[in-house]
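Labels for the chains are A, B, C and D, by order of writing; each one numbers its residues from 1.
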Amino acid sequence: MKKIIASILLICSICVAFAQMPPMGKVEYKTMPSKILKQDREYAIYLPKSYSTNPDKKYPVLYLLHGGGGTHTDWPEKGRLTDVINPLIDSGEAADMIVVCPEAGKNFMNYFNNPDWMYEDYFFQELVPFIESNYRVVADKKHRAIAGLSMGGGGTVIYAAHHPELFSAAYSMSGYFYRHDNLFWINFNDPVVKKVHQLVEDNNCVKYVKNADKTKIEAMKTVKWFVDCGDDDFTFKANTEFVLAMSEAGIPYQFRVRDGGHTWEYWHTALYIALPFVSNNFRN
Amino acid sequence: MKKIIASILLICSICVAFAQMPPMGKVEYKTMPSKILKQDREYAIYLPKSYSTNPDKKYPVLYLLHGGGGTHTDWPEKGRLTDVINPLIDSGEAADMIVVCPEAGKNFMNYFNNPDWMYEDYFFQELVPFIESNYRVVADKKHRAIAGLSMGGGGTVIYAAHHPELFSAAYSMSGYFYRHDNLFWINFNDPVVKKVHQLVEDNNCVKYVKNADKTKIEAMKTVKWFVDCGDDDFTFKANTEFVLAMSEAGIPYQFRVRDGGHTWEYWHTALYIALPFVSNNFRN
Amino acid sequence: MKKIIASILLICSICVAFAQMPPMGKVEYKTMPSKILKQDREYAIYLPKSYSTNPDKKYPVLYLLHGGGGTHTDWPEKGRLTDVINPLIDSGEAADMIVVCPEAGKNFMNYFNNPDWMYEDYFFQELVPFIESNYRVVADKKHRAIAGLSMGGGGTVIYAAHHPELFSAAYSMSGYFYRHDNLFWINFNDPVVKKVHQLVEDNNCVKYVKNADKTKIEAMKTVKWFVDCGDDDFTFKANTEFVLAMSEAGIPYQFRVRDGGHTWEYWHTALYIALPFVSNNFRN
Amino acid sequence: MKKIIASILLICSICVAFAQMPPMGKVEYKTMPSKILKQDREYAIYLPKSYSTNPDKKYPVLYLLHGGGGTHTDWPEKGRLTDVINPLIDSGEAADMIVVCPEAGKNFMNYFNNPDWMYEDYFFQELVPFIESNYRVVADKKHRAIAGLSMGGGGTVIYAAHHPELFSAAYSMSGYFYRHDNLFWINFNDPVVKKVHQLVEDNNCVKYVKNADKTKIEAMKTVKWFVDCGDDDFTFKANTEFVLAMSEAGIPYQFRVRDGGHTWEYWHTALYIALPFVSNNFRN
């Protein structure tokens, strides 16, 4: 009996401890209306601890994209975003920033436009303006960055290539940059799967860079690019093709290959590189 | 409708993918009988992927201790043990090994003996022999190591100090090495809390090293020691006192202070150092 | 014969290659007059590659101090400063900055004032103003930082504690913070050695923090502090005493203990942490 | 005058300190006769500190190759081998090992055989046997590894591919794997340069892997391969081609891309990865 009481007391004391702990940056789950998509859309938003205590401060924003089949809770939960960003902000390695994780995994999983699901339009015409009018944001290129994993890495590159005037930095992790026909677990004969992958292939960023004219290439040079991909990742070859195309086009970039595959542990640890990288550009 | 089918197909295809994936090291939750504690005791055990395919191979064992108020599922779940150890074994940075996480958090949370709860006796007289007779283990000092966090860091040091003949390496993370009277969230007037902390204080490892005679010190030198503690950790001062006592006693050790506090993110990342460290000693 | 020609051709071709290489940040060795010290004083200065091509740009400055018995060429040569800083600036991890390495090793090796050798006065009254009027510098607290190794670590802490209004960040490596009487290789009976070490002891920064009044402590909180010391360093104990005194005084700091001793390899690798750290504060 | 004496005393005291320091692993420069090359050949050899104190111990050997235009003193001097390996051995991250740096830069700079300069024959028929009969070496595959930079990275891959029965591990840094015709600083019209590069091209390891038959591929699988190349390196594309060929052939490997170019700082830091990697295989 005494033992049970001891356990309870210890648990209580831990709760008290948490109640008295200093404020920390945290994630909220919200929704916003979308006319383009004709429905409410979910998003997760990370607000740093100074957000509530420093009511005049304006913040840079990182848009952080999930992967294919994922959702807006992925980065906070599977990627353990706050576990990484809070200490990095405290030590100064990351800037005080807002992080927005959109929801692109439902319905027609995709970051790209098609007649039934104009997601890219939603992102630029509705989500970004919504964030910038509902949160205290420095709404300029320098203070806006984008990052994402797998299909969200593809989205990161294409979004920043389509709108280099909007982002100072773009960080792709394990980018799924085009249709990989050799993935045995995907049934490419299914008409819907086919359609999704056709959109991915239509937004092949290796081809985008190879076919870009001078104007597009010059515009892309105004973004700081970072490509990160594991040596065991099935997207590895596509990632090397992308950086070689960037190199050929004369667009500077950072490339890192670390140990690992297409896993959350890889993306979790990528945050330790991505957050300081976008911060350097926010503050430059 | 088509959209729902697309989602289902994608989820199915991911399941198929997993079904066809190569075997991976994984964790099992088990129980074992204990005469000393007069009850069945739980433990978690990690078996590397070669364990089932290589039926003649024998393995080194790491005993990995949870913290105060924790349990045997902590390292697999909160510490995400397999996310770290599987790639480290694949790349050769960690040795093929078994990891055992005992359950010491229930009843009278404690790694130390007291008349009501002889946990240290259970560990050495029942758990270790049970593992060594039920799994394919190389049962010698060289192939046995111990590590743990917080109260489990204290347990790590005391167990390896009491039995240096049993362990080649000991790795303490954020070790709670003695009673910290200034922890506002602990009610030290409660008789049970008092008793638990008295046991912790009785096993103060800073005092242990300071008071150790020549024989004990020489024995301790046969273990490779590693102390890891965050610069924001409330146990930081105790950890420096411990390493300075070790230094004074002439016992070699490694010490690292990284950025962070008393958090699972710290212990999760500690695995990237701890697993290669114990492996170097398993293989030396 | 052909072989010799081949060698010569290859060497030539390498020279040609270097001649055509893009401009890089580099170090110059200079002197400046000092009325206080009644002699010309040497210094090394690193100018980033943009310094000559971007004639309107102004730069933050890091003052980087050598150790006891050292000189202004130490950081460029033994610490291989440009090997580290050039790639860090290129990747954005370090800010475009000027680095100044003063000469404090000759005559009366010391960063501190004494009637015969008012080095601290020289530093603040002559060197800093000289740099700020002869180079394109942003001459404010935010864009000024200080770092140093061993006795230069002690100098770093004391200079930033005496003048917190001048520095945004201070990074000490393997700081020699007070007289270590147990260094068998120093003859403390020699009157000159005695005098030097008396000055070091007079500027004991552990005591400085312990004895600081509220005003001094509040001022110290406006500097970002970073303490870095190897686990095998003979200054390790002093470094823990310093950070515990800082902690007691409520002054935030970063502390890291990495593997190593009192060596140039430790300080060389410290640059990978120190340069981004001071950059974060330059850009914050 | 007193000041000069102080300086002298300090310098003396430092000398005394070094004289009393514990023994450390160090490099010796030696020569050995070669019948094949018809001359004495130089080499550098690193012996760990236990080599002299532990006269019965036998050691694994790493052969560490310099780059084109380099020499056997490069790794000890430019790569600062002992600064890295001594602490790694002390902390257990690297195994106690011997490191041999052959001289391949003079005369006809090349690791490959041609009628005038049978260097590969010298390496396998004379150098390796000489080392194994003149030093205390464990002369088997498991305890033998090879690593090298640039042309020495190409040599590393080809040597380990020709003799997979001799090496447990091969680590290539910034490998120059075939003739790069676009290097503006090389005069490919010069007959000698042409000849050297013809040999490099004849030993193109990308082609070697692509053309290897089943037997060769199976043999290559018995070596642990590690490929390390900077994202700014002019050999980057060749390195990705090599790892993709390895992947296609089903030969497991580790690949890392870190920040940097074709520089000694890159190779110096590569030692922190290479030495533990080969050690893991020595001890496995």
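Convention: contacts are C-beta pairs under 8 Å (C-beta built on N, C-alpha and C of every residue); 3 or more make two chains touch, one makes a residue touch a chain.
Chain-to-protein mapping (UniProt): A, B, C, D = Endo-1,4-beta-xylanase A.
No experiment lies behind these values; they were computed from the predicted model shown.
Listed here as common contacts of chain A and chain C: B, D. Chain centres here are Cα means. That of chain B falls 38 Å from that of chain D. Spacing of chain A relative to chain D, judged by their CA centroids, is 40 angstrom. The set of chain A residues touching two or more other chains comprises 91, 254, 259. Taken together, the touching pairs cover every possible pairing of the chains.
Note for the complex: chain D touches chain B at residues 91-93, 95, 224, 254, 276-277, 279-281, 283-284. Those residues of chain A that touch chain B in the shared complex are 2-3, 5-7, 9-11, 13-14, 16-17, 20, 68-69, 80, 83-84, 87, 90-91, 106-109, 183-187, 190-193, 196, 232, 259-261, 263-265.
The touching residues of chain C, when paired with chain B in their complex, are 231, 236-237, 240, 243-244, 247, 253-259.
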